[in-house]
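Here it is, the structure, as structure tokens.
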Amino acid sequence: MLTALALLVGALLALGVAALALARSAAGAKTVHGACVGAGAVLVLGGLAGLSGGATALDLPFGPPWGAMRLALDPLAAWFLLPLGIVAGCASLFALGGIHGPVPARLLLPWPIFLAGMLLTVLAADGFTLLLGFEAMSLASWALVAHDTAEAENRRAARIYLGFAGFGGLTLVLALGLSAGGAGDVAFAALREAPPDGWRAAAVFALVLAGAGSKAGLFPLHVWLPLAHPAAPSHVSAAMSGAMTKVALYVLVRFAFDLMGAAQPLWLGMPLIALGAASAVIGALRAALEEDAKTLLACSTVENVGLIAIGLGLALAFRGADLPALAALATAAALLHALNHAVFKTLLFLAAGEVLHGALSRRLDRLGGLIHRMPWTAWAALAGAGAAAALPPLSGFASEWLLLQALLAAWRVGDLAFQIGVAATAALAALAAALAAAAMVRFWGLVFLGRPRSPRAAGAEESGGAARIALLVPAGLTVLLGLLPGVMLDLAEPALRQLSGVAAPRAGFLAVGAADGGARYWPLAAALLLAAAVGAALWAVRRRAPPGIARGPTWDCGFIAAPAHLPFGDPATQPSAAGFAQPLRRMLGDSLLAAREHVTMPPPGSTAPARLDAGFRDPALAALEGPLPRWRDAVAAQAERLRDLSIRQCLGLSFGAVVLMLALLAWLEAR
Amino acid sequence: MSFGQLGYDVAHLLGGGVLLLSFVLLYQRRIGAVINAFAMQGALLALAAAWAAHAQGVAGLYLTAMLTMAAKGVLIPLALHATVRRLDLHRTVETALGIGPSLVAGVGLVALAILVALPATEGARALAREDLALALSVVLLGMLMMITRRNAISQVIGLLSLENGLILAAIGVAGMPLVVELSTAALVLMIAVVAAVFAFQIRERFDTLDTASLEEHRGERR
Amino acid sequence: MALVWSLLAQALHVALILAAAPVLAGVVRWLKARMMGRRGAHPLQPLRDLLKLLRKTPVLAENASAVSRAAPYVAAGAAIAAAALVPSFARGMAFAPLADLILVAGLLALGRVAMALAGMDVGTPFGGLGAAREMSFAALAEPALVVVALTLAILAGTTNLDAIAATLREGGLGLRVSLGFALVALLAVAVAENARIPVDNPATHLELTMVHEAMILEASGRHLALWEYAAMLRLTLWLALIAAVFLPFGQAPAGAAPHLWMVGLLAWVAQMGALALALAAFESAIAKMRVFRVPEFLGAAMLLGLLGAVLLFVSTRLT
Amino acid sequence: MSLQWAIVFLPWLGAAALAAVPRLRPATAGNVALSGLTFAMALALAAQPFGQEGWTRVDALNLPFLVLSAFVGLTTAVFSAATLDQEGFDHWRIRAYHAAYQVFMGAQFLALLADNLGVMWVAIEIATLATVSMVAVHRTPAAFEAAWKFFILCGVGIALALFGTIVLYLAAQPLLHEENGLSWAALMQVAPDCAPGTLNLAFAFLLLGYGTKAGLVPLHSWLPDAHAEGPVPISAVLSGLLLNAAMLAVLRAKSIVGANPEAIAPGPFLLGLGLATVTLAAIALWRRRDARRFFGWSSIEHMGIAAFAFGLGGAAANLAGLLHLLGHSLVKSAVFFGVGRAAQAKGSQKIADIQGLVTTHPALGWGLAIAIAGIAGLPPMLLFASEFRLLSAAAAQMPWLALALALAMVVALAALVTVLQAMCFGPPTPDAAGALDGWREAAAAAPLWLHLAVATALALAMPAGLAAMLAEAARVIG
């Protein structure tokens, strides 16, 4: 299987090159995306095979000048192939459905390379290959982010993104070098032999957190994510949010759980938990405040990555505290949520893409009422939004339930500071989940419900065919994963065993749950109960109530009907994106996101309308674009004085260097 | 000692003379005098080379001596005088560091050179050691002159004097292979520099002319 | 045999709680009226209102979508399902293994989302305003609920309501400060979730303050009946939840003979009555707070719950 | 005449011939043909066994760089042939330019091949003279200024190097026969027994002397201006070839001093200079407005990285340093091809005037984007492999220094990314004029893409022979 996957990497790369020629015609572009759909299917199959088979390794016949590149497929890698495959397949299918003519090569070419980079990262079994895949993935996705050069905002996003990509790579290289130690062998097998300890372990972990964490979108290095993800075409956004963040998390897991050895102290998990909690809250809050549909979804990605990070951090801590069963529980929560998030976020981004395609806008304030024009998209998106809002019985609830169980059990670690921290984290995770629900209601409600806010939204059209299937597949998976998390955990068992060292807690196909005696969640039973209750309500009401409904104008406490020149009603009388966000902006935004509201009243007698300006600013972005460049410019201004020297003064520098060197030599001789 | 006390003394004397002339270069205020002092230094260096040729029995060094005499003793000074006249350069030396402080700094540099060169060359022959210290001093004084003088001509002379130090070092090391070739190549470089002054028409000191014009040209300054 | 009994108990419980919901709402209203010196409507008035509403044909706005029609059923169904899980007079009912506190919270969230979406469906300012506030308040109520769940989970080792009730009843835990804190926090959450004073006033349609009513302004007929009924069920469910956890007296234990059910039933009715009285007294005594004070109210609840958990950590170390 | 000398004298003879060709087309054609011939000879040289022969030697250290130099010389000649008419040369300048180009190439080969340190010095001097005249060829005040700065600073630099060479011989004199007195191989043999103090002094001067040519801080001032003036192809060879030769000279000196256990360790000096170089260059990159100066500073940064690698020492870091030099030559000259062509097309060297290349010139723009990303150390070019190797080795041995290096590299990377975005993806600026006809536009872009392809191939599938050679070289320089 590994050989087949390795060949798939090569095939995808070749496809990328071939895309140069294929981009000339619609058929060629369709071929490329069709092949990528196939690649996604192969990835899923490979993941399943890898989970059922043992670990395999493969040396490639080429590599860097100092050795061969190595690939390996173990259960951990295999598990991450599943989200990768599903996302790749669905996104490619969506892109396939959107082709109506020749596609520019620069949009077509990076896509297979992007997929190949992610695959290579997951398969890598030495540091160089890992970095190669990681950076290839970053570069290819950057090319896709940078495709739209017309918008200054997009250019800024691409710039920041590429900077972060390089930064992440450098920190990962440092981490590899630090853990490799004197020998300098960065093959995973060698790293496992001599795991770092003491300050080295802390440094490696910090570097990995910075490198992989920035890619995954962990606070405070998440700032690029809500900028870059929306800038790409929608199917790319889906893959970036759904798959690429997972690959970054995979790297984090690979380091923290595998390469750094099993004997790590308890506190190693704490920074991950803290950063995860911060990401979850900031991400969810921003998602509840953003006014661009895709930015909103990207922020929701930050939130979900934060939740996964909490799970991983808990697992690390449990491992350190020698509580393997709980470690397995927390790992299960993290891995399951990674998969679930990949699926529902792909669905949501593809739906946003469909909306963008149909209504030509991503801004919530220009959409509305699309459920009438785009019912398929609307209902599919509702499934995704429900999962993102952690509503039972959809997939998001199952994994967040597991995560909460792990958090609620974390007090068993006997460290008071840890206990208090985890209690606070539980509250923050709940806050994040509830904020995400608010964000999703706002997203779905503003986009699909109400009245159209622009003529274009009123005339939106839904595309059918492949794009519709690309929405329905993840929607179905969202429901299915929500109903059968037990099956997925059984599937993940080898990976969980690899990470936590013991058999994962099993509660059968129909339930998931903590260790014996703990709580259980029976999603299928809960769904049946819910269905029965709804059915009963329906039956009871139907029996007593007269059939049919009457239609009338909107009542709205006697609001006046829309004027004739605004056939869809005055959009201003509907809740706007900023207005819907107002309660949360005032409650939490003030303190967390430096939110502001400012009312400009016209002078007395003026007929100008009063204006309300509301907004917020991510503190991390403010730091990135505030003090850091200031320091840099200050230092650069100082350094520039060196440049302004005349030739004579430059010679003086050389002369100074000579004299200094000689003095140094004299001093050394004298010693 | 491969040769007698006299040989040592003469070589030492000539080397010391070259160093002394370096100080004279630093001391002079008028460009004409600087050029003349440089010509003297070149001539002295030629003598030293000839003496080394005689003492070491290397015929090639006579060639070096002759070239040095011709180029540095005569041609380059003449060319420099001509340049000063032709381009109507400032006749006085403009200093970035006063004459007095330059001399003090020069003495310090000589001390540094001795401090470095003598311990570093333990085991080598005495002449070579002395010679190296002198040569290193000349090199450093040449650089000092380059950075403390503002006229292009003075600076070029600083470079030329620096190169004199190199030749001094090369001829001091007995048996140095390729010494003729190397000194000739160095001479070519120096001639090229002098030619460049002429060709590039470096009229003013390269203090004002350099980066400022580059900045304007490229708009690099903010 | 045990299965049959547990199924029977479950069926009785569902019937009981479905029937109790309108009555309880009526009782609370009646008590409040009495305390304010009014005569008040008959306690069965809510039931009559429901039946009346059911008979009317609902009027939907012209641009209402299927969401407006489906949401009431989803909300009511979620409330029924959640109510079926919270133990009342007996433990060990058929659905007891399902009765997870977090699942209950999830089902309530489902109902809430359905209501918020229904409020946004027509695109009226009030609907959107109510939905925004409802979701925002829930965002703050949820953490408080989770820290309470944390305290309970530490004591009982699980978040299963049935098991928690059993532990608190039989575990001999005694009176604990942390439980007191948890109770206060849970009460605050319950008040917020049920749109009661001081967070919301169920009896008014004042634009500036209303949350719950704003979302169902456009509902009528059977839809309105379902919304009202879901709200009543939610109140009942919360009171039952508090009773089950903090007043676990008289419940029939799992597998007990049906005659103990009668005892449990009586105890439950008494508990619910007491809680209704307390609620009415509380609501009569206090004024509604400004909307943007609600975060402080819920934040304080969460901190209180957190404090309870921390005290519990400390006490588990001491023992 | 042996092949070693043939490869040196062929360009020099060719230079003499080209000096007589006043017309553009025959001159460029001759230039390309000559470069092609030398490239073929370099390949032939690679087929010969290693060994010392007179003043020259072919070993694992210089052979890769020799072949690389010949390759870059050829591609630059092709690029130059395609774009030279944009420079607007009269016939004197055409003669001077091509003659100087071939003189430089010959000197470069000699500098690489020289076993005798004196010969190496002479070669580098000749290369300097040739490049000075090429930098000044436009005869604008700015060109004169840059050439003059280049000349004076490098003149002093190579003077210092000569002094170091003399002192080095002084150190080895008691132990040597006179004929091979400046032979690197002979010096290596006797180095362990030489007077350590003299070796120290020699190393100090050689480091500062050749370090000036390699552009190490604080001796770097000449470099950005020299890269920014003169015809475009000159920047490519300056960055791609001359710096390598200088760095190799430093390495030869380092290996001699390093062979003596009592002499000071040369590593820390290189390490310190390298770190200072990277840091200053990374900061200075933020203030650049001129595209070619910007990439000149980037060359300084990369020389600093290489110096850091050699300073770190050990097989891994040395290999990283060598790979870095190779990769930098290939990719940086590719960048200069791109930037140079873009500057011609847009009629300005200012970054603000060269924007949106992917829109106006897709092949050029994307090639340049990839090349700049490669210079920034992003995969899959050779610089990615070398920086990976270097940073991981540094982190293993000296974590704090590695952190400092990585920090500087991040700063530089951010600057590169900013410029990359601006030049390739910004809002397009209008073209000045100077559209080339079809095949010449292709010939101008082909070297760029060819370099990128070679750099990629070397990073991921380096021929085993070359890899073994580089590993051997890494061992040699100690």
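The chains carry the letters A, B, C and D, assigned in the order they are written, with residues numbered from 1 in each.
As a working rule, contacts are C-beta pairs under 8 Å (C-beta built on N, C-alpha and C of every residue); 3 or more make two chains touch, one makes a residue touch a chain.
On a predicted model such as this, the values are computed, not experimentally measured, just so you know.
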Q | Result of counting contacting C-beta pairs for B-D and A-C, higher pair | A | A-C
Q: Mind checking the centre-to-centre distance between chain A and chain C? Centres are C-alpha means, answer in whole Å.
A: 35
Q.
Just the number, please: Cα centre separation of chain C and chain D in whole Å.
A. 76
Q) Taking each chain's centre as its mean C-alpha position, how far apart are chain B and chain D in Å? A) 30
Q. So, what's the distance in Å between the C-alpha centres of chain C and chain B?
A. 98
Q. Among the residues of chain D, which ones contact at least 2 other chains?
A. 148-149, 152, 156, 160, 197, 200-201, 287
(Q) If I count partner chains per residue in chain B, which residues reach a count of at least 2? (A) 116, 119-120, 143, 146, 155, 206, 210-211
Q) Which chain C residues reach two or more other chains? A) none
Q: Kindly provide every pair of chains that touch.
A: A-B, A-C, A-D, B-D
Q) Which residues, counting only chain D, touch chain A once they are in their complex? A) 148-149, 152-153, 156-157, 160, 197, 200-201, 204-205, 207-208, 212, 218-219, 221-222, 224, 264, 280, 283-284, 286-287, 316, 319, 323, 356, 358-359, 366, 373, 376-380, 384-385, 387-389, 391-397, 399, 402-403, 406, 409-411, 413-414, 417-418, 420-421, 425-427, 458-462, 466-467, 470-471
Q | Interface residues, chain A side, partner chain D - complex | A | 62-66, 69, 106, 127-128, 131-132, 135-136, 138-139, 146, 149-150, 152, 155, 158-159, 162-163, 165-167, 169-171, 173-178, 180-184, 186, 200, 203, 632-633, 635-637, 639-640, 642-643, 645, 647, 650-651, 653-654, 656-658, 661-662, 665, 668-669
Q: Provide the residue numbers of chain D that touch chain B in the complex, in ascending order.
A: 116, 118-119, 121-122, 125, 128-129, 132, 136, 140-142, 144-149, 151-152, 155-156, 158-160, 162-163, 165-167, 169-171, 173-174, 178-182, 195, 197-198, 200-201, 225, 228, 287-290, 293, 349-350
Q | Touching residues (chain side chain A, partner chain B) in the complex | A | 643-649, 651-652, 654-655, 658-659, 662-663, 665-666, 669-670
Q) Any idea which chain B residues touch chain A in the complex? A) 96, 109, 112-113, 115-116, 119-120, 140, 143-144, 146-147, 150, 155, 205-208, 210-211, 215, 221
